[in-house]
Amino acid sequence: MRQAHGSLTIGTRGQGLVEITREVATWLDEQRIVNGLLTVFCRHTSASLTINENAAPAVRRDLERYFSTLAPESRSYEHDDEGPDDMPAHLKTALTDVSLSIPVQDGRMVLGTWQGMYLFEHRTAPHRRTLALHVIGE
Amino acid sequence: MRQAHGSLTIGTRGQGLVEITREVATWLDEQRIVNGLLTVFCRHTSASLTINENAAPAVRRDLERYFSTLAPESRSYEHDDEGPDDMPAHLKTALTDVSLSIPVQDGRMVLGTWQGMYLFEHRTAPHRRTLALHVIGE
Amino acid sequence: MRQAHGSLTIGTRGQGLVEITREVATWLDEQRIVNGLLTVFCRHTSASLTINENAAPAVRRDLERYFSTLAPESRSYEHDDEGPDDMPAHLKTALTDVSLSIPVQDGRMVLGTWQGMYLFEHRTAPHRRTLALHVIGE
């Protein structure tokens, strides 16, 4: 049994879902752990993780619109130091995932046919985001 | 230290919470790992996982109604290929859990007294859903 | 490779976010596992976990207000055995996290600069809450 640590830096172009399935799978490949548990951890409070459909691009756009309606910039917040997208970003982070753990079998994450892994950027401006990766197994 | 992989197939009868605590506990028993970490991963984008009260059935019904109000079929979505329950299913999946990791002690998940684990079916039609299971420990 | 189990009891003063980063880090220190994976699991259905900004206290207050609006006590629920805060507590639990898994490197959780870990108490009355902890690594 062994483990490996790593990190992944993802550039975003402002609010929206960025698929990271391939980047994570490539990192996993390099670790040569074929059976085990992979964990992806987002080191930010205004960006987060989620797993959802990656076939129809319309799903991605509906997801983006939905969360912008659920945590709207138009509402008044006590915390608005960095602009109207500041607090909604923290709320969307709380509503989605900061960490994801996925079993690994035969060298691959056991994602379902339609599942893709996404970094969800919640700020209006482009950012560079860092994800911590960990895998344990054999 | 060792690990085990498995999968569980659950039949659903359309939208609603299906308790899976017993099925997961039975699988765990069979692996003979008495101390460690169990991960349950849902391989779908229109069904998800959650842990909540399993004593009062009214809690389950309130949860189902709540999420149907929070991500309503009545709203208009760009993605509606598979009907009005299609996009709300992806939204409910994003709002709840795709993976759950639970410490295991003395052969049992350390669930609290009132906690039950649920598969949350978000589609109107019955489905067969597959969960991937992983446990590591000794 | 080895693992350790533990638990943490946190007193809450009614609804709100209680930061637990230091308590969890102290427990981790004591286990002498410097590289691995830490899991925190909340053993309740009316309190939960979340990771968010821990610099500006206004973020915490906005998060508390937001979730109280998203799952309001004013709505009518079938399950209200323990008062108007009962069912909203279960809903907020479903919307946030029951378990968090965080990679550990050089003896520390790989939290980002602004990330703090919180126990989110959803009941009006003060409670004592138990978290199960697990770390695996070397």
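Just so it is clear, A, B and C label the chains in written order, and each chain counts residues from 1 on its own.
Following the convention adopted for this analysis, contacts are C-beta pairs under 8 Å (C-beta built on N, C-alpha and C of every residue); 3 or more make two chains touch, one makes a residue touch a chain.
Because the structure is a prediction, the values reported are computed rather than measured.
Counting the residue numbers that touch the partner chain, chain A and chain B have less than half of them in common.
Taking CA atoms, the transformation carrying chain A onto chain C includes a rotation by 120°, reported to the nearest 5.
A straight line joining the Cα centres of chain A and chain B is 20 Å long.
Counting partner chains per residue, chain A shows two or more touched chains at residues 1, 37, 70, 95, 97, 101, 136. Those residues of chain C that touch chain A in the shared complex are 1, 35-37, 50-53, 56, 58-59, 61-63, 66-67, 70, 95-97, 100-103, 105, 110-112, 114-115, 136-138. Interface residues of chain A facing chain C in the complex, by the touch rule stated above, are 1-3, 5, 37, 39, 41, 43-45, 70-71, 77-79, 81, 87, 90-91, 93-95, 97-99, 101, 130, 132-134, 136.
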